[in-house]
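I'd like to ask you about the structure that follows.
Just so it is clear, A, B, C and D label the chains in written order, and each chain counts residues from 1 on its own.
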Amino acid sequence: MVSISSVFERPTTYKGIAGWLVTVDHKRIGILYGVTAFIFFMVGGLEALVMRWQLARPEMTAVTPEVYNQMFTMHGTTMIFLAIMPLGAAFFNFIIPLQIGARDVAFPRLNAFSYWTFLAGGIFLNSSWFLGGAPNAGWFGYAPQTTKLFNLGYGIDFWIMGLQILGIASLAAAFNFIVTIVNLRAPGMSLMKMPVFTWMTLLTSILLVLAFPVITVALILLLMDRSYGTLFFTTSAGGDPILWQHLFWVFGHPEVYILILPAMGIVSEVLPTFSKKPLFGYPVVILSGIIIAFLGWAVWSHHMFTVGLGPIANAAFTITTMAIAIPTGVKIFNWIGTMWKGSLVLNSAMLFSIGFILMFIIGGLSGVMHSSASSDAQQQDTYFIVAHIHYVLFGGSIFAIFSGIYYWFPKMTGKLLSETIGKIHFALTFAGFNLAFFPMHFLGLDGMPRRVYSYESAMGWDLWNFVSTLGAFMIGVSILVFLHNVAKSMRKPNDAGNDPWNGRTLEWSISSPPPVYNFAHIPQVKTLDDWWNTKYSGKKPLRKVAGGSEQPSGEAVHIELPGLSYFPLFASLGLLIAAYGMMFSLVLVVLGMLLTMASVYAWSLEPAEEHSPSDPLSLEAKEIASLPLDARTDRIAELLKSSQGRKK
Amino acid sequence: MISKYFIQKLLVVCCLAATIGLLSACASDSPMSTFGAQGPGAAQLEDLFILIFWAALVVFVIVGGGLVFTVVRFRQKPGDTSLPPQIHGHRNLEIAWTIAPILVLIVIAIPSIDGIFALANSPDEDSLTVTVTGHQWWWEFDYEDEDIVTANELHIPANTVVNLNIESSDVIHSFWVPKLQGKIDAVPGHSNFLWLEADEPGTYLGQCLEFCGEAHANMRFVVIADSLEGFEDWKANQRAPANTPSGRAISGSQLFLSKGCIACHKIDSTGGTIGPNLTHFASRGTFAGSILENTRGNLIKWVTDPESMKAGNQMSAQAPVYTNPDMAMTPEEVSHIVAYLQSLK
Amino acid sequence: MEPETSTHHTTTGLNHRKLLMWAFLGSDCMFFGSLIATYLIYQSRSIVGPIPADILDIPVTSVSTFVLLMSSFMMVLSYNAIGKGDMRRFRIWVMGTILMGCTFLGFQVYEFREFALHGLTPRTNLFGSTFFTLTGFHGAHVTLGVIWLASLFWFSYKDPETLKKDHGLSVDLAALYWHFVDIVWIVIFTVVYLIGGV
Amino acid sequence: MSASAGPETNHPTPLTYFKAAMILVIITAIEVGIVYIAALESIMIPLLIVLSVIKFAIVVLFYMHLKFDHSLFSWMFFGGLTVALFAFILVLTLFQVFSSPSNPEVVTVEAKHGEVAHEEEISKEPSAEEETSAEAVSTDNQSTGNILVAKGCGACHAVTDVSGATGVLGPSLDGIGSRASSRQQGLSAEEYIRESIESPAAFVVEGFDPIMPELRSTLTDSEFEQLVSYLMSLN
């Protein structure tokens, strides 16, 4: 095949920044996702602190109402699309191929494209602060507040185009993980032998590919209204703002499960490991995950109980919403069942998981409180709802993500995080979180509306707002403690070993950090928790510590790895340029789209697995593949050691 | 060991007691609190919430307590490296804890659905009807049968059902008087229904609850429940034509025309409908989305520079006196206009 | 046009790219579902005319529908040809599909122009907004399909052997996309033109 | 190369494809026929839906060869389709698309806008005018006269026939449609009116103060067009 290499030499470098720019390795992409998303998480957190500062006392004037509106819009949008979702994606990327015994994801270059597009969307969205003001109509962007008639600036256009770009990134990633999980499982790993985290990733990806097209359409309608004068949300022409709400929440509710299902998956990995027991009722946990994912399509109107859908619709959605509590409750009981009679190792990862369950119980119960449409008439759009979503998304998702970080950090870096600092981090987070968000229940029941930049002392909301602000800053401190922990760990030599937690799933069977090709030999899976069962099946694994998969197989394997590529990066860059063009210049739109299209063409003509002969990785992989099974493990350890030397 | 468990259980109980104490403590002092309902609508919702709250609390104590107990009881003993029993599940137990939440949910679902229909159906459909229109950022109350249009202050007779048609002229707002009834959104192009009833004469705070733009936080209103006679007096006053100005108010009334205020504000039958109807402005206790007390000092500040009193308001953005330097008012002109406004009893 | 990581073992024995295509088509159902639902909600809510019955031309659209259905027929024949390694027939049928796709797009351009002349633009009323958006996005899908097929046509000269690989997988994927665009039109033709247009 | 597009031998022959194409064409012809047969009006919609579902199924099963392929593909496609059908039928139900137009909530909304497409007499009316006027703007004077009042113009400007427009602050608008063309050199009546609304300070009639507020931003494009064409009609 005549490759474009005549024009464009295929990248070969793995070193330095250039190595990261052209990488297609799922582990590197996972780390990129994690680091980028954590930075956005801190940006969103700073926005939250600005808001809490403004609300610490009545009638503060730290920010203007307009800036405050931009703050809460960007806080919500950032946390959902730029922090929690991509932090989940970081784990998908790093862990899923390892858990299912694969060399990489199904489409490595598409995976790189997902990351770069996500980064482009994040940069684009946040650049709005410097280009005429951030979006200011809430993360839900209700029309007609977002139409040109009521919102003239560029902010909403940034929001629309930013979400479209992030939608492309999320869709590409979700398709990738569906195919990966369906098609790249190790031999013998049937669906019911898949780790729970892998299951929840599959469900999340399915929800994503079904939910995102809906918001894409809604955003297109809004964009056309704003840019081309269509009438979808122009009420004087008969346009109906309720249509926006339906489209938004048909997407928005599954989106909530997109945020929480990976968290449930992480917790379902951490609890059994540190209880030294299998997950209690594995099939039931999977089934309730499936039920939650699909009931999610029948409950969205509970976000709209007060828009006047009529009593019959409200009653119907009350019942479906309450029904969600059943599979959720079942999961919680199964988690407690997992710990029951276990031998619980209460380290940082486990503490965050236990904290997750406790906070999620509170968030779930306050959710049941306003699943009742009539009770919700007194709670909708008050701080009670703010408390609820933070108990679910912070007490839920973020706690689980921290748990996942403490759990998998040794696998990702080869280094253990400090347990002492980890426990301080947990204590600060737990206390700060409850201090910040529990009082919001009181504020809501006392009638404090959401999204107000100020309040009067006469309303009687002073005390709890002040307490809440204290808690918020405590969370801020806890993040600094966490960063300190990471920084400290990164400076010490590798000390984790391959399997520091006596893990259950395949990722613990290989070295930490794993070699580029993950498994020198694709494992054969016989049971659920295969690695654990291998270890305890009577015949002790010969070289548990040395790394490398032990399951022998007669099949001769030729390690082939995806080739590096420039084009995912260029395709994403084109999208970014085109998005700016949508606002400032048609020329940029054309240039950006041309760049993207050219990159996609070049990409599809570029063979997936071709390596230039000088590619060091290719040589390495070929060398490993040629070794006899016994010798591979040692060679990998050697290579890893020397690659670390090279880095310094 | 046992004493340690005891202390931890005690801690849990204390936390819960504190929670309940806090819940009841915060109920009293806020004028917007959803506790201490003052009308039958809000009272039903409050009863419902308290029922759900207790159900939730029981569930929390059982499940959360169970979790804490499990964690404390089964934590790894120092030096213990043995494997616990490997239990994979227990079918009957799992069926039991699937059914248990269903039962709890049925208990709260029935009164919830009852509440939904109670909220949607007026107990007295022929009673006084008011059309409420949300504007950025103030509320208009139109008593169509009585030929009265007012703003930011909804007068109702106490002990009487009042039917409200909730509409919007621009973006989505939400009408909420927590002491009297649950909220409902004001959606442009739709007409939503809500009914209210106040047990006693009094003043009840309300606020827009759906984010509606820059001055969302400053879009409040009050519901004033009058005695039956008081309400009749109020109606009679509101129906009367505006007072004829005298003294300084005469020049104020001329400025009201020449400065273009009339383009948005109606007095009697002339004027626009973009801003609040000012025919009986001086009879209202508050203005500017009910955030400012209707005093001379506040009025002078407001008419001089509305933006400083309520950021984002439409008047400072649109009225030529604020946008066109040639049209700006002198302090004297302001005081004349305020005199005129204060004469509109 | 090499399938990614094709030489690897796959759990189901199915090709990655084909799985991806079907997942995408499942997802695209939600995309067109949203647009069609928007159309149905708004079709009778326009405040000013023209309304669908005034302006939709069923006979003309029936012809363009026929064209699109026939393009699907040709597409399936070209897929059949590549499966048998018959490159000549493949080129004939795929070119036929491209031309029919272009004809369909021509009809759409004619229709849009005609409507604009009769006072219906996306800014006229809700019917205009939803109609142009729905059929416009369908047209965009057709355009993308035409570009895709044209690339395959070009590729059949450049590297015919790769194209024949895996029973013509690359053609199969393009064909699935093309047929999907066809079935979306089947729904639009019924819902917008036949039911809504009279 | 173990991963293939599926067992090719199972796929239908060109003859099957041809038969499928013929069935598709015949069904399409029947569908178009049904629309023009008055006798079938009452069952037209269900009939059309059934026929298009058959067409849909033929293309999916034969042309997209789901009938012969791995069942996983069917799961993926019909899974997406099912969720789409479920969610959007629910949405359409909530918007009462399937219920009769006499439903009270629909009437509130539609009565406001004064037109229901199902009620033929009303909806056909503007269409007759459509033929002569390319501008899709209703020319019902009274209703656009109302816009004058609703948007506050009537507070300052008077129009004899409109009861709410009695203001004296600004010039009377009677006959503006014919007068406006002579007001400003080089500007047509329509251009003058547009300019005057968009930037009120541009031309101030002698004897009046420059106090007209900028109200263009409170009007939607279609409202603005209605207002302009209404003013143009005042001769």
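Here is the rule we use: a contact is a pair of C-beta atoms (placed from the backbone, for glycine too) under 8 Å apart; a residue touches a chain by one contact, two chains touch by 3 or more.
This one's a predicted model, so the numbers in the text were calculated from it and none came from an experiment.
Enquirer: More contacting C-beta pairs: B-D or A-B?
Expert: The comparison resolves to A-B.
Enquirer: In whole angstrom, what separates the CA-based centres of subunit B and subunit D?
Expert: Computed value for the inter-centroid distance: 36 Å.
Enquirer: If you average the CA atoms of subunit A and of subunit D, how many Å lie between those two points?
Expert: A distance of 39 Å separates the two centres.
Enquirer: Could you state the distance in Å from the CA-based centre of subunit A to that of subunit C?
Expert: 33
Enquirer: If a residue has to touch 2 or more other chains to count, which residues of subunit B qualify?
Expert: In subunit B, residues 189-190 touch at least two other chains, as defined above.
Enquirer: Give the residues of subunit D that touch two or more other chains, as numbers and ranges in rising order.
Expert: If we look for residues of subunit D contacting two or more partner chains, we find 72, 79-80, 83-84, 87, 91, 95, 109, 113, 221-222.
Enquirer: At which residue positions does subunit A touch at least two other chains?
Expert: Each of 149, 182, 209-210, 214, 229, 231, 237-240, 242-243, 250, 310 in subunit A touches at least two other chains.
Enquirer: So which chains actually touch one another? I want all the pairs, not just one.
Expert: A-B, A-C, A-D, B-D, C-D
Enquirer: Hey, which residues of subunit A end up touching subunit B in the complex?
Expert: Contacts found on subunit A: 64-66, 69, 136-138, 142, 144-145, 149-150, 235, 238-242, 275-278, 280-284, 306-308, 310-311, 314-315, 318-319, 322-323, 325-326, 329-330, 332-334, 336-337, 339-346, 354, 357-358, 361-362, 365-366, 368-369, 372-382, 442, 445-455, 458-461, 464, 536.
Enquirer: Applying the document's contact rule, which stretches of subunit C touch subunit A when the two form their complex?
Expert: 1-12, 14, 16, 19-20, 23-24, 26-28, 30-31, 33-35, 38, 41-42, 45-47, 122-123, 125-126, 128-130, 132-133, 137, 151, 158-159, 162
Enquirer: Would you pull the subunit B residues touching subunit A in the complex into a rising list?
Expert: Residues in contact with subunit A: 22-23, 26-27, 29-35, 42, 44-46, 48-49, 52-53, 56, 59-60, 63-64, 66-68, 70-71, 74-77, 80, 82-90, 93-94, 97-98, 100-102, 105, 108-109, 112-121, 136, 166, 170-172, 174, 176, 178, 181-185, 187-190, 192-193, 205, 207-217, 311-312.
Enquirer: Which positions of subunit A touch subunit D when the two form their complex?
Expert: 149, 152, 182, 206, 209-210, 214, 229, 231, 234, 236-238, 240, 242-243, 246, 250, 294, 297-298, 301, 309-310, 313
Enquirer: Provide the residue numbers of subunit D that touch subunit C in the complex, in ascending order.
Expert: 1-6, 8, 11, 13-14, 17-18, 20-21, 24-25, 28, 31-32, 34-35, 44-45, 48-49, 51-52, 55-56, 59-60, 62-64, 70, 72-73, 76-81, 83-85, 87-88, 91-92, 95, 97, 101, 109-110, 113-118, 123, 126-127, 129-130, 133-138, 221-222
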